[in-house]
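Shared chain: subunit A. Partners: subunit B in the first complex, subunit C in the second.
Showing the complex of A and B:
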């Protein structure tokens, strides 16, 4: 047997490779899950398939880059504050701005479409995507815009595997975000949102303002997209910063959503992690397999999506009939 | 308290569903609104509660006055805040939510903590069964329990006027009795009730006033005891001969062809 292949096989089988794969899968998976959850919340509450989700992610990252490095807000007013605090505040400003942008988009472009067909509304978001993406890319310019984060390329060594500080931050943030959403769903507004998602007319009959529910769901969706966009533009992903390919990265949230089921938040989380892990596993174990070619890992999420579609066309956690009147 | 005056409603700009109906609900009353399928009862409810727009309906004439203010074409959330709550036809509970969450969704406009607690206590004493099963998912409840939940959900808004759309629909006779008793109890606690029903017997035996609709018009109204004795009501709603004995469905159909209301 060819000794090279033997060495490759030994290397591949080593537990550290598996540990690396787990870290990579978790890291990718949480990004997809953040995107997918935002998408699903918007879809559930408003019945809008938001194709502009990737554009929102790019905008979020660009707003952080703007605040932290380009216009230096709030850093210019607090020169003696520690870097991490200034950056965190920049992120906070960007995220709040994104919540506002999400609400504005809903109010201006989608509210007038209430009651129109699912398909027509989806095309509106497709138009929004083209508009927002081009506008943001124009602002970004030809060079990637660094986000000015304090993490850099620092890693934490865990023995078998090293994990980037950004990845730790990302996993913590994703957990906090999911926890916050779970809490939100138990709040007065969250219950109103779930009621609206289930039966819009009955929700209105209870005096729930459906318009406000739409607004808030878009704010949440945009914020989650922005958070995902930030982590896409940091070290292990795109260390150089946000550029005009950031939105394409977000595309892989679509297989995650379809695998999990369009209208299930739990499904979005599971789908996101599944896509992340399958991509990481393919990257780890199938890279040396020559007949699959290079970059095979990139299409694994879509293959997985096709498989799920054959067996369960409405996704693992989705409702069988998602059409509503 | 509630006064509907000469109301005309058109669906999709062409279908005239209500042709100038008027009705009134007084303080502390139970008012029954009867009519066959398609008479316009539910449309009347939608017009009062501001839900016509979902169904492409418009009020083209007339007005709805509640407690002295004009609520024609008002937003549903505003109407609920003013004190009109409804129990929709077919119960429409939020099946994916638990009983508790359904009640909290019902109390959405009721932001005040102590108001919430008192409404909650009232609902729980009216429906002890909901208390027992408070954590259960609403979709798994029986039809009767779902009807209780739908009524409880509306009561969480602490309404001055409760409108019920066919609460007896699809319930066993014993449960219809129970719903009837609960409506009386709610009314005795001071809430006015507008009861939309096809079950004339159930509605007219508890109402203080009755209206009868047909094809978008009010054809009769008056004292329920008198309505119950009316020959036409007996024929159409109770399936009885004028003399009082039971009648076969064939005769009823024949009678209906022969005679139209007010014609």
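Showing the complex of A and C:
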């Protein structure tokens, strides 16, 4: 046997490669899961397929970059505050702004489409995606905009594998976000949202303000997308900051959603992690395989989606649509 | 409108004025390039600019996009299936054409004539469309949009990596010219790409390409129009309106959805081959999601399910960037040279110099505002949204309303 291949095989089989893959998968998976959960919440509560989710992620990251570096909002008022506090406030400003933008978009562009065909509404969000993505990308410009975060490229060494500080932060934030959403579904508003998801008219008849549920769900979706967008634009993914490829990165959340099933929050999390791990595995173990060419890891999520759909047309956790004449 | 027979009701040209107007319109289309020829007067003053080579190119592009959009219209407008995968099938058609039609060289090509590579581009795309169809038919509604979305990304990856055929992302490849040969002889029978003389009239290459594409468009419009009147066309519409009800009435849903996929892919393949040959050197990234979205925009802005609407939509979407560009250019000139209150209002729209505020920016890197290309994209997005919210029938719906107004005049009903 060719000794080069042996060395390659030994390197590939080394446990540190596997550990790296797990970290990478977890890191990618949580980003996709954050995007997917927001998407599914919007879909369940308002029956809108939101193609503009990637654009929302880009907007969120760009708002952080604006607040923290371009306009430097918190730093101007508190020149002596520590870096992390200034940045945390910038993120807070961006997140609140994104919640408002989410509500505004719903009110202006999607409220008039209530009751229309799902597909027509989906195309409206496709138009919204073109509009928002290009508008935001034009603001960002040709150069990436740094987010001004205090993490930098610091890594924590865990023996076989090193994990970036941002990745730890990201996993913690994702866990907190999922926990918060689980708690939210127990609250009064959360119950109203679940009722609306079940049957909009019946919920309205029970005195639930369906319009407010729509607003809140868009706010949640936009905030989750913004958080994902921020982590896409930090060190291990895009060290230089938010640029015009952020929206395309976020596109890979769509296979995650479909794999999990369009209307399942649990499915969104599972799908996100599955997509993240499969992409990381392909990136780790299949990069050197010559006949696959370049960029194979990037389409693994889509291939996985096609496979899952052949076996289960409604995703792993999605409810089968009952068809009546 | 009352008809005395079924044939009269189903006729393509069901009224007299339609025949007259259509004939006049076709004559007008044929006359556009002739206006540039020495010794031929302008037919309609004010429209002679259409005969310029760059406008002829725009109109040719619109013809190609109309052919592709007619295919998507069969799938989305008639059969009611959403597809984001149109760009993938166009790419398939383009590379089939390249393989069969391009001269042998470093990249794959066997130099067959156009009458082989153009239909073959459609057929290969249709075969692949029918092959992936079963997956697409099994999933329904919005899941289908995502399957076809995946198809675009997978296709782009394949095109990028198959560099012996596609030339790869760096350089791309050239495609066969529009030339009609019987077989591989030296001089083509009819050359559509270069300047030359037809029937004693000196025509530019652009004008000849334009004639070829208008002719192809007319052929494909007739095919699409006729499809609506066939058994298959009616089956598509019944599936769109209520799939289960259609199945109960005896429409084989699986078969007709596959057929719709095949037909739509055929149109896409032909349009892809034409577009690649028309543009020239093309990289694999040309066949991306945005191209698919452009076709969806054409079908929706024009009016889903209506052939006339698709044609209107193509012309609108393709000429919009040019119109926006010309308009901003005119506006900038107006603002810098004129004066008065309207200038002040127009100044809010364009950026004319350092530090000026405006919505549109024609100069790069000065002041705020959107560049013209970004503005076009933003307009696409807003137009799709606007038409879906306010006029779901699209441009065709607006035309219907105008027509009915005059038909009923002086009554409003």
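Quick note on the criterion: the second predicted complex is superposed on the first by the 321 of 325 C-alpha atoms of A that agree within 3 Å, B and C clash if a C-alpha of one lies under 4 Å from a C-alpha of the other, contacts with A are read in each partner's own complex, and residues count from 1 in each chain.
In the analysis below, contacts are C-beta pairs under 8 Å (C-beta built on N, C-alpha and C of every residue); 3 or more make two chains touch, one makes a residue touch a chain.
All values reported here derive from a predicted model rather than from experimental measurement.
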Partner chain(s) touched by A:305 [first = subunit B, second = subunit C, both, neither]: second
Touched partner set for A:191, first subunit B, second subunit C, both or neither: first
Partner chain in contact with A:76 - subunit B first, subunit C second, else both or neither: neither
Touched partner set for A:202, first subunit B, second subunit C, both or neither: first
Partner touching more residues of subunit A, whether subunit B or subunit C: C
Where subunit A meets both subunit C and subunit B, residue numbers: none
Subunit B residues touching subunit A - in the complex, by the definition given at the top: 49-51, 54, 75-77, 79-81, 86, 88, 92-97, 101-102, 104-106, 108-109, 111, 153-154, 157
Subunit C contact footprint on subunit A (complex, rising order): 49, 109, 112-113, 116, 118-120, 122-124, 126-132, 134-135, 137-138, 251, 254-255, 257-258, 262, 292-296, 298-299, 302-303, 305-306, 309-310, 313-315, 321, 323-325
Complex interface listing, subunit A residues touching subunit B: 115, 188, 191-192, 194-195, 198-209
Complex contacts: residues of subunit C adjacent to subunit A: 82, 135, 138-143, 145-147, 149-150, 153-154, 157, 160-161, 242-245, 248, 293, 296-297, 300, 370-371, 374, 377-378, 380-385, 388-389, 392
